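Could you have a look at this structure, given as structure tokens, before my questions?
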Amino acid sequence: MNYNWNWGIFFQPNPMGTGTYLDMLLSGLALTLKTAALAWVIALITGSIVGVMRTLPSKGANWFGFAYVEFFRNMPLLVQLFLWFFVLPELLPKAAGLWLKQLPNAPFWTAAIGVGLFMSARVAVQLQAGIGSLPRGQRMAATALGLTTVQGYRYVLLPMAFRIILPPLTSEFLNTIKNTAVAITIGLLELTGQARSMQEFSFQVFEAFTAATILYLLVNAVVVTAMRFLERWVAIPGYITGK
Amino acid sequence: MLGNFDFDVIRRALPYLFYEGMTFTLTLTALAALGGLVFGTALALMRLSGLKLLGRIAGLYVDFMRSLPLVLVIFWFYFLVPYIGQWLTGASRPISVGAFASSLITFIMFEAAYFSEIMRAGIQSISRGQPAAASALGLTYAQTMRYVVLPQAFRNMLPVLITQTIVLFQDTSLVYVLSITDFLGAASKVAQRDGRLVEMYLFAAIVYFTISCIASFGVRRLQSRIAIIR
Amino acid sequence: MIEISHVDKWYSPTFQVLTDCTTSVAKGEVVVVCGPSGSGKSTLIKCVNALEPFQKGDISIDGIKVNDTKTNLSKLRSRVGMVFQHFELFPHLKIIDNLCLAQEKVLGRAHDKAVTKGMALLERVGLKEHAQKFPAQLSGGQQQRVAIARALAMDPIAMLFDEPTSALDPEMISEVLDVMVDLAREGMTMMVVTHEMGFARKVANRVIFMDRGEIVEDAPKDDFFGKPRSDRAQKFLSKILSH
């Protein structure tokens, strides 16, 4: 393979004047984590609301939840980002559209909200499955004790459902981190984006992508380990999950 | 605003969008699904083979692929494949393989990791009592797999495999980062040329949505049918 | 105390589960409901505290109509204890917290008052030393005794039992029945769906026999066991008493 390896490239200054190439990648990593964190908060909150709606004894709520999930699940994430980024400002009243377009950090906000809503549909599906996997009698027992629907969800159904879906939620969180890379298409300089620009400036393709790959693997390992601890932390004595 | 929404832009672009773009997208989806299925089956068999080393290699590959963003993998293969081609053919310089071949290899390698996990889960979802009952009846290992385990496992995983293919269909839009003319790429090119982003992206969204919706509706039908059989 | 008059319930015009059910449970009375599986007895008892809706007829508890949209169902249910076939303890809560949850959230009792009450009831069902354990760490019989204590913690005016022993291993049935017999002897108003005819003989005032959604027989205990009037009840009795 006649390729000029140059692993020292990471310690050479980058052309942006922001330190070395390594600094460039690390700032990309920081942006990836920041975007993913905000997206995950959005996904968890809206996903939980929609997931609960899908399990309520109300036809209207069920239907809304169903439509919401189908809407966000049946379009490529990339297309959704384009809709938020390019199309939405044009469809709004002129002033609002202009304000949106001139928003500083527009790619960041678009990515966080876009990825967040995209992932919220998947969180909703997981939560619905989690609630659905609880014995029907649990809801009845809560009702029979006089708990209201809200109290039943708050104190009985959700604490168990979230424990049950913790492992799939871990993968969805990892997916959220990975999906922020799609925002490279709207100009977000997250980790993949920084690796790409390092490759364009330095022509050291494989060094740049190797570094990004290692960083993604590291993030994965950290998240997986942290979630293992969380799973053990919330485990219920004597209760075998996944039965 | 919608007041000056130009349907004609879409109408004029239709042949280009579908003959060029959608053909690329669907061909890529179909071939990648097929290749991913073959390679994914191999990976799943490696992991279930009981041979430690083989299982470890397959496991590492699957975990590795599943840890990376697809966009990064697309870039990787785009730059790596020419060098691998050079190495394989002994050519004097990296060979150019073209956008289609490069993305096809990417998606096969990437999807195989996901397909193999679905298959592994499908086979493992069969309760241990089933093979036990089959051998108690005197069936051989091969007969047990052929008549008892695999038919049930296949039923469990078929809907999931199709769902994953729908995800693959949507994911192929990411070849946009290589400026390839898939369906979204075609829409984007028209959008830029005519300055009609709203029309073209909305139209692309509706097309992706419709196709995925119909396909996932089909999966649900299939699932309920399988559920009745059980 | 509990008045059930002309109750009809159907899932579709061709699928009737309850037909013209009329009976009552007076204050301090113990009524046992029996019948073959699918006879509608569990459905009937769940209609009493409106866990299952019904289409025709009336049910009232202590003069309050359960099928009136103006009735505060949560409040009504909190005054009627219910024990389920599968216990339905809340797996993520300690035994004592299972007893306190509804006391605090529904009745608004202070935490220390709820704990005192809960501990007293646990002592009564012989499980005081298990207060800090989780449900999955207890045997089925113990869990069902906790479930009875949980219902009693609400100071109910009546108790509903929906096949309380049919999910238990045979050796655990008597520990649960003992608690129920004590309760009956103390004058608790009870409606009990069960196949335990020994229990019925011991403490029931009346026995109701249901088949195909209808109340076929509703007689004082001695009449019922002495000489059931209907063929169906006779057949049923000979089947469950024959071994």
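Annotations
Here the chain labels run A, B and C in written order, and each chain numbers its own residues starting at 1.
Definition applied: contacts are C-beta pairs under 8 Å (C-beta built on N, C-alpha and C of every residue); 3 or more make two chains touch, one makes a residue touch a chain.
Not measured: the values here are computed from a predicted model.
Viewed as a contact network, the protein chains form an open path, each link joining two chains that touch. Chain A has the C-alpha centroid lying closest to the overall centroid of all protein C-alpha atoms shown. Distance from the centre of chain B peaks at C, each centre being the average of the chain's Cα atoms. Between the Cα centres of chain A and chain C there is a gap of 46 Å.
Each chain gets a centre from the mean of its Cα atoms; for chain A and chain B, those two points are 21 Å apart. Inter-chain spacing, taken between the CA centroids of chain B and chain C, is 53 Å.
The part of chain C that touches chain A in the complex is made up of residues 46, 49, 51, 74-80, 82, 84-86, 88-92, 101-102, 105-107, 133-137, 150-151, 154. Residues 135, 137-138, 140-148, 151, 155-156, 159-160, 163, 236-240 of chain A are the ones touching chain C in the complex. Residues 1-3, 70-71, 73-80, 82-83, 86-87, 90-91, 93-94, 174, 178-182, 184-185, 192, 195-196, 199, 205-206, 209, 212-213, 216-217, 220 of chain A are the ones touching chain B in the complex.
Across the complex, chain B meets chain A through its residues 1-2, 64, 67-72, 75-76, 79-80, 83, 86-87, 93, 166, 170-171, 173-174, 176-177, 184, 197-198, 201-202, 204-205, 208-209, 212-213, 216.
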